[in-house]
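Sharing a structure, written as structure tokens. Questions coming.
Chain nomenclature is as follows: A, B and C, assigned in order of appearance, with residue numbering initiated at 1 for each chain independently.
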């Protein structure tokens, strides 16, 4: 069993890292431990943010919050709910899919850039992150960014830390922007479209000035897993949010425009809330299995082409978020990383991350998308600047 | 009085080889793409931050990414500093050269390469102006959201360099939130692609680092940006107040109430007078402060949002409310606002501050700004993006009077420190450039800057890329 | 921006004026975006801001012009799009005028350039010489290709391309004298005959006279009037330009004294810009300053004047007109609404081509002196105009008419010719050809 450090202060964390760096001992950085599956932390000491917890400041009028990195996401969401505010990027919760039980932390959310359906209009986690405090691999305590919305003072280190999966530094505190919770929401459902038709329908919807804030396609194979099986057929779903009067008007405009694609119906605010949570948390594939699950990001219009191409070669199941640009792809047996990445490249680029797989497959698969040589070399140089001794490298497989 | 900000001393080894360098560059570039004669170099000595000037060694105006790469490879080979330049509209001196530098101007890279409505992206060369993108897609119902006031002239490459904002960023975010990918050339001529039409890119968020890096990490030659469907309608509304503090407090309450308009712009009386003189936009002339609040969407939505805003404005004693009645009128309202800096040239020289403060601090910072400027015997015009607390005090002075100029610089420094002390930052969208470089230690500890400089060095180990900017000269790592 | 002129330098009123202009520039760079040469060439030195800097550097250092500076100043079209754009109110026109005078006084152009410029200055402002030259050009046309391959003759080859196929005899519209109102008299104006226009397109002033007299206006064509001086003015030949200005000021002053004038009507906006500047050009001449200012105040583009006459609104016709606003019209004189409003009132469907602020590349003698840039701009302009799918192109400047006509098959007419037709005149011959 690995030793787990749980510093109670930034200084304490810095001392632990400083000591580890002095002897070159690897440290695996951990938030809530919800994503431990894709990590290779056997035998390494663990540095956990669990006890660096608590909201440092919350100023609803300025729509910003500062919290220690180990603060449970649930605590933050509860505090925001009181003031009817939210994280614009809808952080997803992969525990059901991964079968893990940890307690997601705000630091972990940013470390994985975990972003849900609204990402394609409101940005990813990285777009909401205003500032960070962190300890680098030498044990220095550093701040970057700030607490105001607009800030271009110096290099934007917060951006590179977002999504860095604990490979650069131990983040101790994050400051992020918030948005008011929309007054209401509705979902337009177009039934019975195939993937290509759905792609066209979503592109049309997004070309309209109705401010769609969610666009997903749930093919026939998965639709039964949403809303307790209430969706009658393959469903192309479009979310609209805002002031009540406005949502009603926009929903009607959208409904009329979508009628030419297929049968159109509408979900109320409650059903909308439930549906988009299920989409966000990849509900269909929270299936208790370890069948390989990929998260694929491509240009929205080529998502369905990618899936169609794969179907000719292997057994896959998939559904689409972000107008088709985010594909949750479950393989029947093998991970098929080579095949998948070959098609992604052929369709204009993007990337695939293996989110879940049996240990045997994980051990032999590149979980993260490999980079071209020049970029990989640049990344390596950057990592060395944060972590000269390479003590954080063990945490990320790939 | 502050000393003039120092550039790095020119490298004698470079200056001595000037003729050879020019001759070599001429071999790398097509005819008409190199400026090296003494007269022609002078107009490149500054950008829109005219308080500082240095004539460069040469100016390369490449027409392709390959030519940019060739010039960079050559310059890195001989340790020649390089200063990238878009349209030269920087207000922080980001494009001001140094005597031993080769300026790489991107103005000839001005083609729109691809417009993809289904994916809502445009791929353009770095020298395309910000407004060109929106104009190219406007007839089809789209626009590119970040809209710096200089959008008519500034280039997308420069926008990426500074992570530019603009009035409408309150709703749509700044450049980094609207950028999907770039093609860029590293210091040694290596060409890399970051991002794509896909929303997420693999690996570290290098795109996020590059955006706002002020030409220190490489030179962007192409960019893929997000397009957004135009709203059904948009309506700027003018709210006049009898004091700046009242207007500032009104802004804080609007945002705090959960209403986020597309833009909330602030002008004080001097700024109103300046802008009205140029644009004839119909701004009220009997108020001390003016807010331009723009709402957008369907008529119903705009009405609902406006009703909420008007109720708040009344609580803060608004004295004039004027809705734009036509597209022409709306365009004039924005023309006046966006020309504010240039129009100030009609009455005085100015330096433009760019600090951002938490909204709750707006009234206080406005008041203190007035005091600082008055104490130094100067005038100030305030015109800025109030919705996100991004202030732009324009300090008016006479550049031909060295004492006046020094006082203006002193006032600027004090105001920026005030912004930082109020919980804000030195620069919200104009960049650090040369202007705010020596104030960086007021916002960051040395260890913070060390980490930034270390990352910078991962891109440019020789420190040849725009080397005099952003980071104070003292405390830099040995190259 | 900062300037470093000495008190001695500032004693020269031209320098003092330029200094005041330079002080307004804050180097914001907005002007680069709407400058046709910057948009085409992508070099700061070929932008207004770059030229302002070159001029400042030259004047401050009291230096003679040299080839490098002259190259970039010469490329300026004087379209003044920058002036429309400039938020700071930089008076670029008078700065570049000063620079051109400085160049002419301090710089010796290569033999070929001097020769070309001398020929242009000696021919174009004089209708009889110009007509003769055009007739000769018809004979010379077969040699144009050959001439363009010989450096010294290249410019003349370009000119041959621009020359029209037919050259009309001297128009009656230029004969001095009064054309009385045909209906109840509402006013009296002088009409500028000018130089090149009546030779190239006599129909323009003929239409103007028909229309105005039909509307109850006495039209006087004063004796002794001639070229407005714009052509030599833009070459920096100050004395020649001022001589032309003084001559015309005398002629019109006499007309004012003799019978009063409501306006001096100009049908070529290039000339209009210059005549409206007479007051400024002669401001330092005590004998003329006041008279010239009066003339400038009376100078009106024909559309400017027509829009004061309350012309009746006519039934829509099925004719789509792309309105090309000449730079001298929209930037030089800031007349943007009147021509289109008149055309619409007359029943035409009016379209605005994209990039309307960009010059067509005519710019006086620019298409002769800078043929490459001019050709690029012409192609861009024609593409934008043709994209509006018009039946006719309308504009208010003879230079643009000549330039654009060589790039498109769509007929191009002066706005006043269409108005004359709409308000009772004959259908212009060009439209018959088109239909």
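Keep in mind that, in the parts below, a residue touches a chain if its C-beta (ideal position, glycine included) is under 8 Å from a C-beta of that chain, and two chains touch if they have at least 3 such contacts.
It should be emphasised that the depicted structure is a prediction, and the values quoted were computed from it without experimental measurement.
Ranked by how close its mean Cα position lies to the mean of all protein Cα atoms, the top chain is B.
Taking each chain's centre as the mean of its CA atoms, C is the chain most distant from subunit A.
Centre-to-centre spacing of subunit A and subunit B amounts to 30 Å, using the average Cα coordinate of each chain. Chain centres here are Cα averages; for subunit A and subunit C they lie 62 Å apart.
Subunit B and subunit C, compared by their mean Cα positions, are separated by 38 Å. Interface residues of subunit A, counted against subunit B in their complex, comprise 59-64, 84-85, 113, 119-120, 123-124, 126-127, 136, 140-144, 146-157, 159-160, 162-164, 167-168, 179-180, 203, 206-211, 242-243, 245-246, 249-250, 253, 297-301, 322, 325-326, 348-351, 353, 368-369, 371-372, 374-376, 378-379, 381-386. In the complex of the two chains, the subunit B residues touching subunit C come out as 32, 35, 37, 39-40, 42-44, 46-48, 50, 59, 61, 87-89, 105, 107-108, 110, 127, 129, 131, 150, 152-154, 278, 339-346, 349-350, 399-400. Here subunit C touches subunit B in the complex through residues 1-3, 23-34, 38-39, 41-45, 49-50, 53-54, 57-58, 66, 68-69, 72, 85-90, going by the rule given at the top.
The touching residues of subunit B, when paired with subunit A in their complex, are 116-121, 141-142, 162-163, 165, 169, 173-174, 176-177, 186, 190-194, 196-206, 208-209, 211-213, 216, 229-232, 252-253, 255-256, 258-260, 297-298, 300-301, 304-305, 356-360, 385, 388-390, 423-432, 436, 440, 443-445, 447-452, 454-459, 470-471.
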